[in-house]
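Before I ask anything, let me first share the structure, which is written out below as structure tokens.
The letters A, B, C and D name the chains in turn, as written, and every chain counts its residues from 1.
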């Protein structure tokens, strides 16, 4: 799947005394990317909740390469990495926008649970929507590449 | 009313690139102080919610005197400043513990509302509990002073 | 002065258990608005620091009218309210974008200090830049109004 | 190594709209535990910085088992898991205090770097201090067990 890109400007609130984004706040950036990815796929988080389904995080990891600094403009790149019966894995890469440089990458695993917190299968409608989005971005990518142009921006 | 004291250790997460507590986080310290004040008075926040009553903030202010720094141990001093028909004002002072130094002071005003968000009178049981706590701490204070000892720690 | 508008999307990270933006986080939104206002005026915060000048907050207040909720798109409107010899006051209003509704308003006062933390006059170059920005936006506003069009969006 | 225990009370500021601690904030709890572990070992973070040494996080992971809720009292258990030439791994487990229940566990890996950000060996004095602390807690543990008493509280 090709990643969805969300922009973000670093504030003082995000930084620690070393003038870099505090390490826990990368997970907040992951949330921001994930939310916009789901909105782009046509499954806003608010709608998932209305179906009586919740997607709590069961596992989160971040590998820190370089520091995001105060006032940096960031690209948060998010993509569905794996769909299982009752869980989904989202992968993230965070880049400084200019000059483009990989700062951090990681993933979050989300269980699908009902209102009582019991695991449940991912609804087929959600699987279909994710796969349709993936297909559409694949076709878009092929057109870009067959026309000979490059799009390094969107390649995670 | 004599203030209730809550201790707090400053983390990197609390600080900004100037190595001082980020200004918005003083309001988080106010919450911490307010929560422990209410627990001490015998009205834990969780119990207020169970009565179908909510106490959203309508006004918050903080005056910044000196900076709280990384790893500082702080005293958050909280006291009920004013009780009205349908609102309560809590005052706060934040001190560096050692050497004792005033860092910030402020207040929050809280409306009493029902589950629909409509203003409502403060229940008499809550007023009585707050006034009983105040009386008890006044009596404790008089005993301390009449015995000739000092308790500068608790004087806001 | 006409306010500068910054957009912001509310995340889970911003919200509290009542599904509304946690009250301290409005001050973080104020920072976001203030930063973009200064950038728009041509005085990015990074440049102020390079001049050996710091602008710590000495007073911050927020009045809460209605709740910003999860996933709301917000308009943060920021404007210079007052320039004194050694301090500046910025005013803020936060609106839900659609339907437009005032959620909160407030201000922050910033002292101008040198690297040792001593108060100092605001440099004339900064005063000139702020007044030039103000004049430019005033002229832009007059053109808008004299042409008979409306711009309610930008009127705080 | 036996874990060092740090207590923590959950605030509204820590929670998300599901009334549970927001997932990124577990990494903030890890920082709180790590700081107190280092202080207990006799190597406060402030002192490491004075040696011109920095210990940025290169990898962080958290596995979420159950939710920490508003007003829960937590035990943050932290221990050195691995010492390498130029990095250290700290492991964490977060428990609800009463009834005791494992909520989350994870680790952080920290590189040792100099002021220019170049990797460097861990100073022998720091290795010695960590190993001495470990030996002391091992001896304390043996005394506890040989005397027939239990200390389930401190077993991660």
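In this section, contacts are C-beta pairs under 8 Å (C-beta built on N, C-alpha and C of every residue); 3 or more make two chains touch, one makes a residue touch a chain.
For clarity, every value in this text was computed on a predicted model and none was experimentally measured.
> Going by C-alpha centroids, which chain is farthest from chain D? Tell me that one.
The chain farthest from chain D, judged by C-alpha centres, is C.
> In whole angstrom, how far does the Cα centroid of chain A sit from the Cα centroid of chain C?
That pair's centroid distance is 30 Å.
> Just curious, how far off is chain B from chain A if you go by their C-alpha centres, in Å?
Chain centroid spacing, chain A to chain B, equals 39 Å.
> Residues of chain A that contact two or more other chains, please.
Correct list: 12-13, 18, 24, 28, 31, 70.
> Would you identify the shape of the chain contact graph, picking one of line, ring, star, complete or other?
Topology of the interface graph: complete, with all chain pairs in contact.
> Which bits of chain D are touching chain A when the two form their complex?
18, 23-28, 31, 54, 56-64, 67, 108
> Residues of chain A touching chain C in their complex?
Those residues of chain A that touch chain C are 9, 11-13, 28, 31-32, 35, 44-46, 70-71.
> Over in the complex, which chain A residues touch chain B? Could you list them?
12-13, 15-19, 22, 24, 70
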